[in-house]
Amino acid sequence: MIRIAVLGAGRIGRIHGRNAANHPDARLVAVADPHAPSAQELAAATGADVASLDDIVERSDVDAILICTPTTTHADLIERGARAGKAVFCEKPVDLSSARIEACLGMVEKAGTPLMIGFNRRFDPNFANLRRRLADGEVGEVELVTILSRDPGPPPVSYIATSGGLFRDMMIHDLDMARFLLLGDEPVEVHAVGSSLVDPEIGKAGDVDTAAVLLKTAKGRIVQISNSRRATYGYDQRVEVHGSKGMIRAGNIHRTTVEVANAAGVTADPVQDFFLERYADAYRAELGAFLAAVKAGKACEPTGRDGLMAQRLADAATESAQSGKPVRL
Amino acid sequence: MIRIAVLGAGRIGRIHGRNAANHPDARLVAVADPHAPSAQELAAATGADVASLDDIVERSDVDAILICTPTTTHADLIERGARAGKAVFCEKPVDLSSARIEACLGMVEKAGTPLMIGFNRRFDPNFANLRRRLADGEVGEVELVTILSRDPGPPPVSYIATSGGLFRDMMIHDLDMARFLLLGDEPVEVHAVGSSLVDPEIGKAGDVDTAAVLLKTAKGRIVQISNSRRATYGYDQRVEVHGSKGMIRAGNIHRTTVEVANAAGVTADPVQDFFLERYADAYRAELGAFLAAVKAGKACEPTGRDGLMAQRLADAATESAQSGKPVRL
Amino acid sequence: MIRIAVLGAGRIGRIHGRNAANHPDARLVAVADPHAPSAQELAAATGADVASLDDIVERSDVDAILICTPTTTHADLIERGARAGKAVFCEKPVDLSSARIEACLGMVEKAGTPLMIGFNRRFDPNFANLRRRLADGEVGEVELVTILSRDPGPPPVSYIATSGGLFRDMMIHDLDMARFLLLGDEPVEVHAVGSSLVDPEIGKAGDVDTAAVLLKTAKGRIVQISNSRRATYGYDQRVEVHGSKGMIRAGNIHRTTVEVANAAGVTADPVQDFFLERYADAYRAELGAFLAAVKAGKACEPTGRDGLMAQRLADAATESAQSGKPVRL
Amino acid sequence: MIRIAVLGAGRIGRIHGRNAANHPDARLVAVADPHAPSAQELAAATGADVASLDDIVERSDVDAILICTPTTTHADLIERGARAGKAVFCEKPVDLSSARIEACLGMVEKAGTPLMIGFNRRFDPNFANLRRRLADGEVGEVELVTILSRDPGPPPVSYIATSGGLFRDMMIHDLDMARFLLLGDEPVEVHAVGSSLVDPEIGKAGDVDTAAVLLKTAKGRIVQISNSRRATYGYDQRVEVHGSKGMIRAGNIHRTTVEVANAAGVTADPVQDFFLERYADAYRAELGAFLAAVKAGKACEPTGRDGLMAQRLADAATESAQSGKPVRL
């Protein structure tokens, strides 16, 4: 039984906390959040204790910590957890600075403790199935990867300002997905463009809301990613890989299978529009994978280095979009 | 908090028992099953007591019972539960004899206790959504209903022998679905045909494995249902309603959204092939509806009469398939 | 070069006339229609002569006649064509009376001349492909056939009165399709129901506008067909066969491949709604098959007997719907 | 009646020649091709004369010429046609050199004769419908355009050598499509990458077989295009536009509507794999648009300038892929 503490009882902390509480191999022992009512509510729902962030990392009855606090605290908490010998699961990103990430990962490596970064989409049953079949060679060699990702609506402009920008905040998931699908072949050239088309306030805040990157890998494979902060039709999450023996893709999940036909055409239900619903299975599988690795004493994946590489790609994309020039890695 | 006892800890009892244990308005207090290890396992997983069938129905700390035992015991247990003042949820069918069902329902009516019959498909989010939109008039007046239902594979021939036959065991779900979609207009004419095409042993056991019915309602609406005990491609569950203003349908759920294109064509993943997976959400919603009705002191639906009507249609279909003549209701 | 005369220059005569004129192995030499302007227009467009019905059948420069006149004239014209040694293609049905069809076919058999009946749907590339794969055993033994067919809108009530009724006028196509898909196993039991739900005037004219049949074959296979005279969403033409090794289906053709996603869902373009557009390829292929058979001196298919069998099924369905009892063949 | 001459009786010349011969407003009067049998065959099939290229452009009984000869001859023939006062339809591209195109267009402008460039995909009913709805504002402002285009297989390496390279030979169609969908907003920044992943011989010949571009327009809109010279699953032609009010897309046409379900999944027929089949309707509509413009004395579209702009984008993409730097226009 792996004893878990969750740090941060916000939206994502509640998901991981409940999944931990429901998992047969885990027990949620403690919850910490500076906002006491949030911590209390999650603790009450799961039978866990409320504790302070400081205490929780040191507690001897905690084997693993789930870091679900704001980004700026991630690297410190990872280091404190590693120092205390805890297995650490940390929501992406480790930090907005690649240098800080590198320092943190160096410390964790020295500690020799497990660390897993929360790129939840790798655990979506659809994308995971696609990746497995790709790795099995079902469509031959990967040649072109196309990733389309659109959010239902933009976050508040106040959030945008501290988010690190679209490439680091939103596209980082797609950049990690690209690496996941490239099976080890790393991007070496990043072209990015971005615009503020959805909301001029986002532009005034110095960010973009519509963006695309073009990546080329060491072996010449090509990746295209596009993002929009707003889709009237839901949370759009699609992946397609063109290979030497065929094409494989995975896409959106409609709210129901209902279709209506009339003079306007044949209308399928809208796609699921909330990421917590769309990726509910993924979050469960992600925590399961973390616990399974910890239990088996095996390496966690996505690794800290996966977090670093995605961050570097996001940095490169940010730089390319600003300079108008490609960035080589 | 509604205190629940589950009677029968087999496949379906475990589903309802766990759903009860996880429901915020319910507590699973007791489990009974003649097969002690089954009862113990479910009790251990949910924190409930193990008890005998006899005790459980009378226990004062039980508000509602979930009857998940073999069909032959249903009517007796419903009556005992009603006599003891319990709310009763009973898996379909109440009994294989319509006369016995009528007697049982009469007793329950006298007792004035809640009774809900477990036609799970009404609670599938897809079919429930379709029904809601039908009731809202989205496709106008219902004219033609088509229900296609195929099981992944036939049950053991030993089961077939005591099942009451395909129409009462399998098609009864579709007959209830037909009534659900007809919004109150009742079938009055039943034509049925059946054949043993899947497995000659089923034919030797006196049953059919492939069957269809044609129903006409009081208002002249038409329903077509077809069943097969075997589908190589999964558990096939489709409903389509042709109305005066359009057509509405709901269908199968694929295992994933992955599709592969190559020289053979474009292949979507197979459909889910196990009813407990396909209807996991439906079972949860079904129990939720029972608990909500009990909590609110409202009538449960599907009612005992719904169970009786479906059984009468199944009887009529059985008779029609055997006699080669339609049966009028 | 097969020299063709077309009898009847209405909607369907124009289709066949033009297809004949464009076919590399055929030449359209003459057109007849009591309505002179129609004959003249088709003749002008194709370079053919205008002639009288009487003359055209006897002309020595005509090898084959295409009968596209009203139903009541079909049998006589077939006999005259056969007597004159012409190959005959006749639109369905040969006659509304099965007895008259039998007499006509006996005469043709004696004459030993080619006769093909115009069941165009057999030549639709989609249904033809499905049938070929069925015959190749791709889904194993046929067990359940489902045919859904809906017209965009009802014909004028005046037409209905002389049409022979829905089963003989509309469902006959589906009955022939059923026979086509049963690969030689003939229906022996016909249950039919019909209602007037679309337009009460159709009911007053003694016909139904919504109907379904349930067929059982000699080998126990089951067929379900349903028809409506009105579909708000286009001309709905679907076929599905459940076999021992899988399921195969073919369906509607959308006007374009365009799809729009927004808050209302994902909407595909409506399906094609006019039978001449939907079956344009089928009409071309049908005439091509007739010409190929005539050229090769091989038997034409669908045969006169196919026309008779479909008519008998339509008669049986009409009788069953009226009597409320199944009809055995 | 517009009198047409077709120059070049190869694969595409035969298509246009036959479409001209079948068009109610046109008559094909002459065919020229240095390869005499090709010219004779097309002439025989359409009732046209065979003539020399030199004669045909000058003939007084010719109103319009269709240039379907090799690329290197296009600009000269356009100029000769314009000088002779003919309306000219010319297959893309006008020339592989943008400078030569500009000179040619200048000459045509002076002559004041009609010129249309053959970007056939604009006339595909699916893409044309999508564009019309885009222009009607159905999905609001265009924000992101995604174009995926893959050929079934690469052309011979010998052809590649003289083709101008993938961007000018293949992607030029997608670049024109991008401009078509941008409704007047022009790309100003071109990032391109290309690789030889399909066939190393293509790489040795100095070209790429897998490529992608990322475009940014004057108004900040973003376009992504990807190409492969080989798709095992057919001729893949897809377009998707993300707009402020929704998403619209148009895609591939399957060979039939047949689908088979079995344990491997649900398999739709492959997509059409030959461009002449896929775009048969487009070629017909394209010629119809040319003839309609000539008849009405209106400007033809796509214009010569459209040809020039697409070529400039292809040049820019070629340069960007070679230099590894974006090109500004």
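Each chain gets a letter, A, B, C and D, in the order it is written, and its residues are counted from 1.
Note that contacts are C-beta pairs under 8 Å (C-beta built on N, C-alpha and C of every residue); 3 or more make two chains touch, one makes a residue touch a chain.
This one's a predicted model, so the numbers in the text were calculated from it and none came from an experiment.
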*A-C or A-B - the one linked by more C-beta pairs in contact*: A-B
*With chain centres defined as mean CA positions, report which chain is farthest from subunit D.*
B
*Euclidean distance of C-alpha centroids - subunit A vs subunit B, Å*: 40
_Distance between the centres, which are taken as Cα means, of subunit C and subunit A, whole angstrom_ = 57
*Could you tell me which residues belong to subunit A and also touch two or more other chains?*
231-233, 245-247, 261-263, 269
*Which of line, ring, star, complete or other matches the graph of chains that touch?*
complete
*Which residues, counting only subunit A, touch subunit B once they are in their complex?*
125-126, 129-130, 133, 138-139, 245-253, 255-263, 269
*Residues on subunit B engaged by subunit D in the complex (per definition of touch)*: 231-234, 254, 261-271
_Looking at the complex, which residues from subunit C come into contact with subunit B?_
141, 143-144, 146, 148, 150, 189, 191, 193, 195-198, 210-214, 216, 220-222, 224, 226, 228, 230-233, 236, 240, 242, 244-247, 324-326
